[in-house]
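Note that the chains take the letters A, B, C and D in the order they are written out, and that residue 1 is the start of every chain.
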Amino acid sequence: MESIKRYIRILEFIAEEAITSVRRSGWMSWIVIGTMFASLTILGGFWMVTDDLNVLARAIGSRVEILVFVKDGSSVAALDDEIRQLQGIEAVTPIPKEQAWKNLQKDLKTSMSFDNLLENNPLPNALKIKVVDPKDTPDIAEKIAKMSGVEEINYGKELLAKIQQIAGFTKFLGIAITVLLSIATMAVMSNTIRLTVQNRRREIEIMQLVGASDGFIRWPFLLEGAFFGLAGAAFTGLFLLFWRTVVLTRLQDLFPFIPLEDGTFSTMKVIGYILAIGVCMGAAGSLFSVKHYLKQNG
Amino acid sequence: MIKLKQVSKVYPTGVKAIVGLNLEVEAGEFVFLVGPSGAGKSTLMKLLYRAEQPTTGQVFVGGVDVSHIPQGQLAGLRQRIGVVFQDYKLLPNRSVAENVAFTLKILGMSKGDIRQRVKAALDLVGLRDHMDALPQHLSGGQQQRICLARAIVNTPPMLICDEPTGNLDPETSWEIMRLLTKINMHGTTVIVATHNKLVVDNMRRRVITIDNGRMILDQARGVYSVGVN
Amino acid sequence: MESIKRYIRILEFIAEEAITSVRRSGWMSWIVIGTMFASLTILGGFWMVTDDLNVLARAIGSRVEILVFVKDGSSVAALDDEIRQLQGIEAVTPIPKEQAWKNLQKDLKTSMSFDNLLENNPLPNALKIKVVDPKDTPDIAEKIAKMSGVEEINYGKELLAKIQQIAGFTKFLGIAITVLLSIATMAVMSNTIRLTVQNRRREIEIMQLVGASDGFIRWPFLLEGAFFGLAGAAFTGLFLLFWRTVVLTRLQDLFPFIPLEDGTFSTMKVIGYILAIGVCMGAAGSLFSVKHYLKQNG
Amino acid sequence: MIKLKQVSKVYPTGVKAIVGLNLEVEAGEFVFLVGPSGAGKSTLMKLLYRAEQPTTGQVFVGGVDVSHIPQGQLAGLRQRIGVVFQDYKLLPNRSVAENVAFTLKILGMSKGDIRQRVKAALDLVGLRDHMDALPQHLSGGQQQRICLARAIVNTPPMLICDEPTGNLDPETSWEIMRLLTKINMHGTTVIVATHNKLVVDNMRRRVITIDNGRMILDQARGVYSVGVN
């Protein structure tokens, strides 16, 4: 009974120690929290931008269409039905040759009317096909090509390849930079904490000499580090939320053509990670450096 | 209570601070440790609360070989030894009361008990009025007395005082010595390293004289011997 | 004479102090330099990526062309000459209507030959004009439109507007992020230095009490801070150089379509800035915090 | 040399450390400052080298009102006063020799001169053998002597020693006192705060007794007065 009370009192004391330690740090707290904030904002901001870029890439990719030219005399409707039965098709839009002819004129931006020059339209009927996942395009195109009534098929093979290469490149770049950035952020955070602990090495030594156990010394530092990480991460979270809801929304009003996700979910996910990283790095940084001093004087 | 067997301490710098020392102190004894500056008094005391480890030999405190104590039991050992450090070792940025309370808090004592004991201890060393001051805002002698209050607040079975009156006026020094005697009479083993000839000569207690890391004299009811060698 | 010698000796001593101070810092030096390196690499890396994106944007922008359709019967060569006399023109390429007709067929990707269907080509002669700066396009287009012999003019008005909007957006974003990143980097750097100085506040106090003048105390710290900044920046420079010459070159081999500058000049510029920022922030951080302690104990 | 006019010092904490003190010390005098722990001795000394500023009154040192000295002349003032601090204030991580040399280096002295003077000073305090040790690797008394060596190496016209023998054995204390006497005979003004009754009673110098921030006794050839009030 008494021993349980004792443990509770010790836990209470550890919590108190952590709190007073944070309070006493004064302007140093703000430096540490500021550093945490800065590092985490860089990391979180980059994550969010990467997310946005992915959305952009997907948006561009989804604009790739398959154009099927139908043999003269074949049934456009039948081919349409057949294509719709394939997997991964989002939409099939028929383009009658009359319309294609008009489009062509418009595309050529010439005021001369082709109608006046030609009696019969030289273009075939066509079907415009949207696929769900741009990656499937080549497969689907191949299948369609084998169908009867298909005169010719065209799906921007080169463009698609280029877009996929670009996507691969940005993905590679994104992963590389994220990894480097995470390492840098974590290094900065744990090092900052280490410097604050180093600042109190004498205190640690004294506590050991008057009989404080290693756990007793370690825990308040750990809580303090975790708190600093959490505080920095919380500011980062607020900043990212502000960025997403206010700044980006404004920007999207100004530049409406930029396709961005609604983003609330993604932002919450990023903020969650940021909080976790903040707490872990703060705690780990202080744990690591306290251990260093505990060993020295143990 | 204390038993040193052929203890030597060579610091990493190569300095031989203690050389082949044998010593036995019974529980409840009051011992003065004297000797010139750099003789090895502080080093000997550091071996007792395991702030340093002997290079050779064994150091027994309360029947335990403290030089081979596992890391996990170290805190427990130090909780049972009150130490007045030569350089005070007070926690900065914590009030006098918090400094003294620290040794009780790590034992998980209740807040009421802590408050009561801290006040009593500070009363004994005459610092009740300075409870809420920060150590760095006190005079040298006052800081030394905080350190003593912290060492005794926990009523440990053993008290080690390294030069506890170095920054105290003769009158206050005598009060401290009376206090240590009283504590000793309640059964606590007390070891005091000092340069205070007046005190040592008037108390007539066991006096161990150290020079160059060797025990050169062990008098039962001794005096401060000047220039023994 | 003796007084000059004295000053030289004091300067010498200040340099010595700075050097031993760095040496004595031990693992702390590496933490500080590491933090500097991490912060500066984030900043410098971002700059370089922004530079690359600008190059990319310019490359896209420069693909905007003005297409001039020449009135039937007008002299293509005369118009060509007239256009060339305008300022900001990079190239003028005539497209005879025969070639345009063939291109059209190719563009439509249809195997049907238009030749078979038409006796006379409905298309006009054209001139393709490249301008030096895409921004001038509307102006130049307007001027050309007024020339005699111009049937119609077409320069992708919408596309250009869109590209310019995107360029504006990325430029805005780039500047915003660069500013935020610079602030964050500088905060992290100077704060790290402040923590190391805070670590030595007792030393500063002692030096003051034994008669060291403020300048005497300040200078070694300043030099030390500058050194840490320089060291961190130097590592960053090496990293960026490596990134540019090895990694990016490899990547460009893999993804040859990504148009990147030769980049040596731009990299050097970025590295120059980074070195300057490193030195300044290191020095400023330590100066600032030393001053704080000097005032306290002066 | 020193003149205090109606000096009072109230610390920000509200403690009245010095109350309406008037004091004059001639150049070349040797003065003991005694009084119980917390009397205000250290505070008085801090006013002289401007580690603290008086709340009211004026403090003249060498004819200059040091309490109103501009920031730029502060270093110069302190260069002319050698101080043995009660808590030593040694630069950590610098060898004994470097600590002592520091006060010479900031004067821009040549390396040869510095080496010679540092060795001489360490010889005087008996630490020649420990030149290259770090202060934290020395005993309490040894650290105190480094501090003294640093204070005298620059042969300043005024020497302030705050409890310079608190951690020294009687024999070494006497040596230090002989050294201070010798320095004083070369014209240096020496002020020593101490609790060492033996020393004060045997030296028969001017003794100023302070209690509760007030000067209560100023004897020309005095002794340590116990329990004056």
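General observations
Quick note on the criterion: a contact is a pair of C-beta atoms (placed from the backbone, for glycine too) under 8 Å apart; a residue touches a chain by one contact, two chains touch by 3 or more.
All values reported here derive from a predicted model rather than from experimental measurement.
Chains making contact with chain C as well as with chain D: none in this assembly. With respect to chain C, maximal separation of chain centres occurs for B (centres as means of Cα atoms). Per-chain CA centroids place chain A at a distance of 66 Å from chain D. Rounded to a whole number, the gap between the C-alpha centres of chain A and chain B is 61 angstrom.
Chain B and chain D have Cα centroids separated by 28 Å.
The set of chain B residues that touch two or more partner chains is empty.
Looking at chain C, no residue sits in touch with two or more other chains. The touch graph of the protein chains shown is a ring with every node of degree two. The list of touching chain pairs reads A-B, A-C, B-D, C-D. Interface residues of chain A facing chain B in the complex, by the touch rule stated above, are 5-7, 9-10, 13, 24, 202-203, 205-214, 216, 298.
The touching residues of chain D, counted against chain C in their complex, run 49, 51, 71-72, 74-79, 81, 83, 85, 89-93, 102-103, 105-111, 150. Chain contact summary for the complex, chain B toward chain D: residues 11, 13, 15, 34-38, 41-42, 86-87, 133, 137-142, 144-145, 162-163, 166-173, 195, 197-198, 224, 226-227. On chain A, the positions that touch chain C within their shared complex are 28, 31-32, 34-35, 38-39, 41-42, 45, 69, 104, 108-112, 114, 117-118, 120, 122-124, 151-152, 154, 162, 165-166, 168-169, 172-173, 177, 180-181, 183-185, 187-188, 191-192, 194-196, 198-199, 251, 254-255, 257-258.
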